[in-house]
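Notes to accompany the following structure.
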Amino acid sequence: MKILKRILGIGLALFVAALFLFPLLWVVLASFKTKLELLAVPPVFIFKPTLQNYINAFRSDFPMQVRNSLIIAASSTVISIILGSLTAYGFSRYSIKSSDFLQFWILSLRMLPAIAVVVPFYLVFRALKLLDTHIALILVYCLTNISFAVWVMKGFFDEIPLELEEAAMLDGYSPPQVFLRVALPLARAGLATTTIFCLIQSLNEFLLAVSLTTRVAETAPVGLSKVQTLMGVDWGLLSAASVIFMIPIIIFTIIVRNELVRGMSFGRMK
Amino acid sequence: MAEVKVENVSVRFGRNLVLKEASFQVADGELCVIVGPSGCGKTVLLRTVAGLTRPLEGNIYFDGKLVNDVAPSHRDVAMCFQTYALYPYMTVRQNWEFPLRAVNLAKEEIQQRVAKVMELTHMEPLMNRYPRELSGGQQQRVALGRALVRRPRVFLLDEPFGNLDAKLRVELRATVKRLQMDLGITTLHVTHDQVEAQAMGDKIVVMAMGTVQQVGTPEEIYEQPANLFVAGFFGTPRMNFIPCELKRDGGRLFFVHPAFTLPVPPHQVAAVEAGISDTGLILGIRPENVSISASPQPDAIPVEVYVLEPQSNELIVDLAFGDMILKSRADRDELGFEPRLNQKVYARFASDFIHVFDRESQLRIA
Amino acid sequence: MARLELEQLDCWYGKTHAVDCINLVVEDGELCVLLGPSGCGKTSTLRMIAGFVQPAGGEIYLDGQPISHLYPGDRNIAMVFQSYALYPHKTVREHFVFPLIPAKIPGPEIEERVKEMADFLDMHDLLDRYPSELSAGQQQRVAIGRALIRRPRLFLLDEPLNNLDEHLRVEMRANLRRMQQDLKITTVYVTHDQVEAQALGDKIVVMDMGHIRQIGSPQEVYLYPNDLFVAGFIGTPPMNFIPCRLERMESQVVLHNSHFSLPLRGNLVARTASLPDGQELILGVRPEHLRVRSQPAEGTMPVEIYVLEPQSNELILDLKLGDLLIKARNDKREFDFRPEVGQQVWVEFLQDYVHLFDKGTEQRLA
């Protein structure tokens, strides 16, 4: 009875995992296929892999676009984490006048639909002569990422017992030292979670990127979309580029996976 | 009204045997307190009697009838939880009427029963209030009342005073004890508080690590604890335990410790001789049975005053000898002198109140 | 080592007057307990001394120097928190080192002090453990060690024994007391537990609703409570309060109410000499100052035994005096009969220990 239940459970888990992983597997397989194999019906699963798609991808603009994406995402994430956790700490630990109102206002930035602000942003950045630069996208992504970081980090700081910080204050640590040496290490799980989400958000964003960049600062999602417009779709190239683009996020997630699991369960301490 | 019998009941959660072969009996109309530290299995035992947990083995009888397979709703038991579990959107009166409506009682009968409980719990002026408008103690009385209106055969209380402050607890335990006596409902009361257990129980079931350690009246438990655990659990400050060896000298028996040699009291000689094993023994003496004096006395141990703790009309004195601390507790009036810190004094054990335990088995010898 | 002085210290939380202009002196080396129910202002007072809360008015002096403008870390004050405030990611050793870093203590001396503290607390084997690997008692020792390692001038403790079970609490409080006396460090200790306060304090400060009700030694607050609040807060079970009126007959003074007429004897006659005829009073008498007898005698009044609560070597009796319930607490050996519920017995108030309070102002009159 118990064994049967267990087998059923494992079976169900495997089924769900397969359902989610299949498209990913499909893309990885497609990236190693030739054009003919790609379009074969029924699809072939056993074939002689080719690296031609990857070679093509590296010969195109794609490496530059990935570099742009990484620069923009990393800068915006670092800025958002620093400003966001400082702001969150302030909201969590100090009584600030009309704090609720300010917090709502910050969060509401994240609810702003991108389509509504595309045109104003375009006009603003054109006036500032920042169109098609990294800075433009970094600033725009900070807007949503900071509000997200404030919201998540405040939750984590609220969870840290005040007494832990008061004890350090009595020990002679100044408020900035208390923040760096007590609060931040204890909110590590929150930092990891926020970082991952900010990175993913910045790497995936398409609408603003496509409107504010033309060539120099073009990001990978924009580049990928353009593959489709050249004489039909080069599915092999598209797949190879997608795989390359996935790798940084996967590596980073593996590095911080322990913190991430704790972060998702919302900082249960101990 | 019912007699409850628990026979060899074991309960398993996953791989843990949380209750091991518990057996005891509660007479009709008796108030039985189940007491032990957290995790000792006392709440599981209560839930098993209620039918909320299924035993792995063993039987539970109400009035001699096996109830193992009777559903909780048909056992005619009422349970009162630590969190009170009152319905927040109902007034006190509605909270009480609710369980009676469920069994389709006549309207007059319902009113009569509610009136009776109202009188017993002194809730009359508060009948139309909602739970949030009541103090903790009042909510507790409502919860008790709701269990009582049903006139159950068995009344189960799970840490009912757990959320109340010390003063209120002292007051309510007397109220509940008297209420139970007046109604004559067989009651099982679970608590972790040994003070409450002594004050309330007609009978006490002491539990630790899933097993029943001793069953008895408060006096039996206090005066003749079955083992070291029971001896240490009841009374505050707890009993002093001193590891000793036994020595025979010229036909007389002595307790021997590096710091003292004491004759075994005559009434204990036979029991000690019969019960002793090679592993040595532990001498137990309660703080109130250790008397101190400023001058040497026969059979008194020289000690040093280590800490003084005043307590109302009493004084608790911690005494250092060797690397041990011995606690004594005495009325200030009886002390006869004012002990000072680090003063050399003499401690004497009241020979009628010396407890002897086996060091290995931890069981009482005499 | 220092003398602490609070002068007209005042604190508001929004519209709540948490601490109302209190004055207090704690002498060098003294252990002062702030005692009161939750919300009485004791913790706010402690937090003002530590520097976490800015007083709305008044000043705090440490050795004559005003300190309320200083950052907590510049006051050289150490504190043990109720939750111990240990860092889950630091070992015991790191906890001991942490407070020494901002003090810029050189490396070799840090080593020395950590070793000294580990000796003092007997924690050598535990230095590399994390808090989650320690028992509650050990965690508390770490909290004390990390507080004392800086050799502070003032030691603050906020309900440090709350998270421990009863027996460990009794043990730890004696250890704390001895340690404080050995180090002779000025200490302010906050608790809601009057038993703890009596056991630990050189001086007890009873607080209620932001006010200090009484400052005194444990014996003073127990024997001569200033008002009804202090009288009811110290001692368990709490003092019995009985409303009555003072009446002067020809030759004697009588306390009178609908249940009894009690002629005054002994020093109580002198103590009431200045009170006017017809003064409305609350008579207060502690349960341990009642004597229960099976036969009537001079100065006794008839009562019915309502509930019996055995407690270790003592017996608590709830006695019905008309519609009043009063509690008596006596050693079991003092009874010349076996008390039964429902029995008629006679109770005597030990008049030397009877307190009289003004019914209106609740202040002590005699």
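Letters A, B and C mark the chains in the order given here, with residues in each chain numbered from 1 onward.
Convention: contacts are C-beta pairs under 8 Å (C-beta built on N, C-alpha and C of every residue); 3 or more make two chains touch, one makes a residue touch a chain.
Small disclaimer: the values here were computed from a predicted structure and weren't measured.
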Distance-maximising chain from subunit B - centres being C-alpha averages: A
Top chain pair, ranked by number of contacting C-beta pairs: B-C
Inter-chain centre distance, subunit A versus subunit C - centres from mean C-alpha coordinates, in Å: 56
Intercentroid distance (Cα basis), subunit B paired with subunit A, Å: 58
Subunit B and subunit C: spacing of chain centres that average the CA atoms, whole Å: 26
Residue numbers of subunit A (touch at least two other chains): none
Subunit C-facing residues of subunit B, complex: 37, 165-167, 170, 173-174, 177-178, 181, 193-195, 198-200, 218-219, 222, 232-238, 286, 288, 306-307, 309-313, 316, 318, 325, 327, 341
Of all residues in subunit C, those that touch subunit B in their complex: 37, 165-167, 170, 173-174, 177-178, 181, 193, 195, 198-200, 218-219, 222, 232, 234-238, 286, 288-289, 306-307, 309-313, 316, 318, 325, 327, 341
Residues on subunit A engaged by subunit C in the complex (per definition of touch): 161, 163-164, 166-174, 177, 182, 185-186, 269-270
Complex interface listing, subunit C residues touching subunit A: 50-52, 71-75, 77-79, 81-83, 85-89, 98-99, 102-103, 132, 146-147, 150
